[in-house]
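In what comes next, chain A is part of two complexes: it sits with chain B in the first one and with chain C in the second one.
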Partner chain A sequence: MSLTIQLVVDGIIIGAVYAVVGLGVVIVFRTTNVLNFSQGAVATIAGYLAWNLMEGSGLPYGVALVVAMLVGGLLGLAIGALVTFVLVRSSPLTKSVATLGVFLFLGWVARRVFGDVGQVLDRPFAGSFEVGGIFFSGHGLFVAVLAFTAIGATFLLIEKTRLGLAMRALASDEETARGHGISLVVTSLAAWFFASALGAGSGVLVGSFIQVDHSIMNIVLLYSIAALVVGGFGTASGAVVGGLAVGIFSSLMSGFASPSYKNTFVFALILAILIFRPNGLLGKAAITVPETVGGEDHPRLPRPGTWKLPRSVLSTAAIALLIVAIPFLPHPFSLLSYSVMLATAVVVVSLSLLMGYSGEISLGHGALVTVGAYTTALILAQFPGTPFWIALLASAAAAAIVGAGLGLVTLRLSGIYFAIATLALIYVVQEVALQFREFTGGAAGINIGSPVLFGDIVLTGDRSIYYMTAVILALVLAAVVVLTRSPIGQRWTAVRDAPIAAESSGVSVKSNKVSAFVVSSAIAGLGGSLLTYIVTFVSPFDYDLFYSIFVILAVILGGSGSWAGAILGAAFISLVPVALSRSSGLTDALFGIALVLLLVVAPSGLRGFVEHRRKRAEQRLTTFAASQEIDGAASEN
Partner chain B sequence: MRTESGASATPLLQVEDLRVTFGGVHAVDGLSFGVLVGTVHGLIGPNGAGKTTALNAITGLQKPASGSVRLRGSELVGRNAAAIMHSGMTRTFQQAQLWGGMTVLQNLTVPLLKQGRQAATDRAHKVADLLDFVPLLDESADELPFGARRIVEVGRAVMTDPDVMLLDEPGAGLTSSEKTRLVGVLRGLAEQGMAVVLVDHDMELVMRASVTVTVMDTGRVIAEGPPEVIRSDEKVIDTYLGRGEA
Partner chain C sequence: MQKHAITRLVSLVIAASLVLAACGSGDTDSDDTTTTASGETGATDAPTQPGEPVRGISDDNVVSVGAWIAESGPLAVVANIANAARLRFDQANDEGGVNGYTFDFTSIDDQSDPAQTVNAARELWENDEVFALVHPYGSGGMTAVEDYLRENDVPTLFPFADSRILFSEEEGAPDNAYGFVPFYGDTIRLMLEYAVEEQGIETLAVLHSNDVLGEAGPDGASAAAPDLGLEIVEEIGYDAGETNFAPLGRRVAESDADALLVWSFSGSTQVIEAALESGYEGLLVLHDGYRGGFFLNSLTALPYDLEGRAITNVWWTPVTESDSEVQEYVDLFNAAYPEGDVNLGQSGWIAASLFLDAVDQTTADGSELTWPALKATLDSWTDEAIAGSRGINYTADRVGATQGKVRLFEDGGWVDATDWVTYARYTE
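Showing the complex of A and B:
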């Protein structure tokens, strides 16, 4: 019994921290509909800053905390300004994706400025005491008091101040609020400042309660998002109840089950709640999943392409020839990197298909790649002589099954909710791979041998594996072109372009969204299988959230629905890290900037960008010609 | 599929005491009407009368609070839109809902995909010929002018040769000659045995096309009858003129 109470007390303390982070997310989300993924990175910077102020300048804890919160708030203000002014006409989902780019960039900044070493902040109350068998650390209590103070202050702000009133007005009806003189810009920026300051404060708290390093705040952020799902997305009280619930739940799980199962349980809980109580445990109002999915709702994310057959035989032949010739040309990187590029193109095609045809963005394609990669590795570990095509198909099937499961349970979800569900999938899959050690080798992963073509024919050498990958990529592209021209593709287009009309024409929106996700998942699984064959290794961390964001970047770079674009995007995300000699921090920064830049200037990919420019130029020309004619006509009169 | 007993007095589509509420607002408040085989049935009323909401409830896009919608005697309330369409009822929308990424031909074929592409394409050509837009078949739906979008949408609703077709403001944005043609098409479809429900702002269009007209105001039926009776109905005149003066 006392163990239970102890675990609950510990859970409340960490849960209060989740609640603070969650409140920060909610404040921005309610005011602007943007899910701020950069919150964790801001908190990390704040934590390190506080540590430096205390260690380097000898400032007391309180001062360091306030300074760190101020700096965090200003950083948030800058991110808010980017989202509010630069991405002014973008949809909330696009803005949320942009904060993923900011998250990557700030992660690099934090490493550059503060180094890689984790630090523990000095604790103002180091001692501990015991009451009735329950053990309290002075610092734990201190953290809890600060966290609950922050929660109380936030509620006061929301309920009692003019700013809070403006935020609530905007959240409930933007048009009306603006009509009554509430400034969207001022209120949004204030929300960004306040929310980021809260996040920064939580970074300092975690820094002294656990430690400050480059990953912990992202995990805290994920737990807070979990808390929001549990409590009901988008309400302040939901964030607090959810935060405490997740804190207590994970504490109990780590006490009674195993600390290493904690994440598994928490992310399984998110999925379960998304399925059974999509409005959260407290939620009454339904999550408003927009009736119309697709184009208009997500301006500036790639407009779905049509996977047209290549118009120019010449350019197709040129690209095909280049791919065939790469092993014989002087290539700056190892051939293995080019094989990875081709396999990555398969993954990019899979996400491109999904984003193009369902209008949904998946943060979890890495998970489907992982499923495919492990399926191949596990088959080969058990039956080493399995022909590669059997392993490939089995991997695609395994990923398709996982995709079908997630697709069915997330039927009612759309936009950011769908993205969160797919995000949770990454961690569920990662945890499964970590936990079933006897099969998966846990964190150590699995090594495999060379692929068997048929019977005794083994593909050895980088060159034969490269060509095998190229052939599979070509087959996948051909299949996609055929599929999107088939009745299936036509139904997907119908659902995407006008879902209500589709439903009224007998084309079920639900089953076609699921089928698009299943096909996309199967292709992602295929890509995962290829990647395992190429690098002859798989671990739970190879295709994580970062990988998933990179694939999104590749899709946006290449433009959805373009096979050449998929290869271009894949080349970018797989060769740049090699060129930067695996300095992952710099890659993150570059990719983060690239993602934000693309969303700002060329949301429909580079090719779309060029076409847009050309169209604009033509338009200007026509307008000019027309005005000339009018002038001419006028002078004739 | 379709019964040819045009004279039968049993309505093909029977709407009874249909109610739709949004919060406390009764958008449709006890709507009842029946549509006979082989007739065009007009549904008119001022803005906010609840016409489109009624169509949404009848076609399964909006869940009614109560009431019943029966097609050939079988209850449709509770079924989803796709199932209702498969049972023989199609519709068009106030804002033409074409699939912009497709050609006109592809737009037409979607409802018939189950019958194979060739059959769907053949039927699409017939429908385009009937509605006089064959030259548009290979155009991208995105690039169609406003009026053409409406005609194509009507064409798409005709594709499956439905028993009942509901048209929401098909006349909006059409020229007067296009409207005349539309009236002819609708009457022709009705003569072949289809039941058509026509919602439009243009009183003249509805009066010319319909055999029976139901007039709605604030969710309720205020009059029903043949066009010539409706034209001289005091309540209808009050409703329309009263609004006009306000």
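Showing the complex of A and C:
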């Protein structure tokens, strides 16, 4: 019994930290609809700053905390200004992705300014004491007190101040709030400042409770977002309830079951809660990250029917020819990199399909890629010489089965709840791969050999692998075009455009959502299989949450709903890091800057940018031709 | 019309795939990596005529070497290793080179992504045409590129990765690979032997991270325990991204084991603290990362008396010692990278020094530097000790590091608990 109480006490302390971090996310999200990925980086900078102030300047903990929070708030203000003023024409989804670029850049800044070494902040209260068989860490209690104080202060701000009232008004009905004179800009920027200050404070708390380094706050942020979903995304009370629930549950699982499976248990809990309470314990309505703000320049999820046959046979043939000719042309990247790009394009297509026809975003697509990758690797380990097309199909089938299972479980979920539920898959798949070492190689992973076409014909060499990947991509694209025009695709279109009408016509919204997820999963599994053949290796960590986020990024960047967009997006996320790999540690900074700039210049994605320019050029040409005609007619007269 | 277009497209694709498969099948020549475009000989071939070009060495005797390492992403802290290696090569160049040879070190950021590691390995070998890889970093990436390195006989010197990958007893070492990191099982056995003999431990708890490094902990403990009469009473694995260490500490305390083997980099001090907070009083058996730097600092910062209660191991002389060679490195590194991690970077300095020493020994009599000649030099090493390294011996196997020593925590630092000891596998 005392161990149980001990674990609950431990869980409350860490849960309070999750709640504080989660509150920062909620405040920004509810006011601006932006999911702020940069919060982890701001918290890291604050933690290191506090360490410097204490170690270098000898400032006391409290002063260092306040200074770090002020600096964090100012950083948040700058990020908020970027999002509010520079990305003004972008959708909240694009703005959320832009904060990812900020996260990468700030992470690089933190390394440059503060160095690489992790630090543990000085603690005002060290050591531990025992009461009735329960051990209490002095600093743990201190952190808990500070965390609950911050939670209380946040509630006061939201409930008792004019700023809090403005935030709540904007969150519930933006149009009406603005109509009553509430300034969206001022309130948003104030929310960014306060939320980032809160996040910065959490960075200092974590820095003294655990440590400050360049990755820990991102992990805490992930748990906090998961906790938000448990409690009810978008509500402050939900953040607290969820944080404490996740903290206590994870503590009990670590103590009584296995820390190795803790993530699996936590996300299984999240799934279980969401099945019975699709909006979380305290949530009221489904929270989505809106993808449209209006106007054709705003990036959209792919519209049904946008998987068209290419308008111009000539341009399609030219691009196809380029892909075929790359191995024979001078190219700045290795064929291996191009193969990875094309295989990644398969994965991007899979997610684009899901986002387009179900309207949902999956954070767990990396898990489906992993399932496909391991299926291929395991088949080859057991049956060397298996033709590659059999392994590919098996991988697609395996991923489809997993996708079907998850799709059925998450039928009632949508928006951020669906996204977090898919995240559970990442951890489940990872744990399975880690724990069944004798089959999967555990953390060391599995190596495979060259793909076999059939019989004794082996595809060796980079060029063969490259063409194999290109052919598979072409087949996938052809299949998507056919599928979207089939009765299945038509039902998807109907469900997407008019779900109520579709339901009343006998078209099941839920089963069509599941079928879209299954098809998407199968294609993702295919992509995983290809990647394994290209890299000749798979491990549990290759296609994690960050990989999934980057695939989402590729869908947005490339402009969804087209094969060219998929390849463009895949090219960005797979070739740019390679291009920057000799930049002596500048990869994160340059990639982050490039990402934000790209979103500023092309908010509807690269393909949309090109399309926009083409249309404008056509318009100018038409105008010019018309003016020539008029001039000609006038001169005749 | 649309249906017809789709049919044509699909037919074209199927036809193309058959043609391309026919072109690509059995293709080995198109990516022949042992002969460069300029016709230079591969690494395994010695020039047959004096003055014939040697792969990776320019006409003015600049030796090109390279490594992949994470310089961005979550493991970017290990970039210190590449910085230290580069520093050593720059120092050699500033001093006029080694017997007429100067050095160009290229590092490629693989972001700890195996796909990028494979790409980086190929870039270095096929595009940069390096003479050798020197101190590439990372067990995950090494697993991914292992087959490539074997198939192409890529000279791979002093990699910082779990030696079970390249130097496994089943497969044997690749012909052109020379190690640097001892088998983690050997270092664990060394420490457990000391703990049993000197501290009388009988039961052991193992705490490890769920990654390639961490898995070596329970594997090594399981291998050594039967021989030493040790009982493993608890084994706890945790994810590298763990943030809540208190429950782990509670479980350790509940196990009441005589000793706790901690085999992880991520969160190891936090979990030790959690165990101590819960009243754990046994011996701490720690991985070599605790020899100095952040890990040592974090250990000494704990508000618990650890006098005589913690041991670690080293297989090179750490930066905390007053060894003159080591201090030379410390001074140079701190001057060049004041915000860097001098403790973490040390392996890069040592690896570069080993390479330079091998070049020196090979060419001291005026001989030309070629890979076979350098390989012969390395094969002759029985007890090389450079820049803090000890007992580098490639005559038994090519793991390299054959000696280690146990250190005991005293007065806020480490003192030698044993002298340099040859690992059991080399004495049996």
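Definition applied: the second predicted complex is superposed on the first by the 498 of 637 C-alpha atoms of A that agree within 3 Å, B and C clash if a C-alpha of one lies under 4 Å from a C-alpha of the other, contacts with A are read in each partner's own complex, and residues count from 1 in each chain.
Convention: a contact is a pair of C-beta atoms (placed from the backbone, for glycine too) under 8 Å apart; a residue touches a chain by one contact, two chains touch by 3 or more.
What you are looking at is a predicted structure, and each value in this text was computed from that prediction instead of being measured.
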Once chain A of both complexes is superposed, is A:Asn447 in touch with chain B (first), chain C (second), both, or neither?
second
Check whether A:Gln490 is in contact with chain B, with chain C, with both or with neither, and answer first, second, both or neither.
first
Given the superposition on chain A, which partner contacts more residues in chain A: chain B or chain C?
C
Between chain B (first) and chain C (second), which, if any, makes contact with A:Gln211: first, second, both or neither?
second
Contacts of A:Asn52 with chain B and chain C, given as first, second, both or neither:
neither
Can A:Ser237 be said to touch chain B (first), chain C (second), both, or neither?
neither
Using the superposition on chain A described above, determine whether A:Asn263 touches chain B (first), chain C (second), both, or neither.
second
Does the superposition put A:Thr386 against chain B (first), chain C (second), both, or neither?
neither
I'd like to check the shared interface: which positions of chain A are touched by both chain B and chain C across the two complexes?
none
Partner chain A, residues of chain B touching it in the complex
59-61, 80-82, 85-86, 90-91, 93, 97-102, 106, 109-111, 113-114, 117, 156, 160
The chain A residues in contact with chain B across the complex are 295, 304, 306, 487, 490-491, 493-494, 496-498, 500-508
Which bits of chain C are touching chain A when the two form their complex?
2, 5-6, 9-10, 13, 16-17, 20-21, 23-31, 71-74, 76-77, 79-80, 106-111, 113-116, 118-120, 122-123, 126-127, 139-140, 143-144, 146-148, 162, 165, 210-212, 214-215, 236-239, 241-248, 250-251, 254, 267, 269-270, 277-279, 293-294, 298, 301, 303-304, 339-341, 344
In the complex, the residues of chain A that touch chain C are 3, 6-7, 10-11, 13-14, 108, 111, 114-120, 126-128, 130, 135, 137, 140, 206, 210-211, 213-216, 218-220, 223, 247, 250-252, 254-255, 258-260, 262-263, 309, 324, 327, 334-337, 340, 434, 437, 442-445, 447, 449, 453, 457-464, 467-468, 471, 474-475, 478, 481-482, 485, 531, 534-537, 539, 541-542, 577-578, 580-588
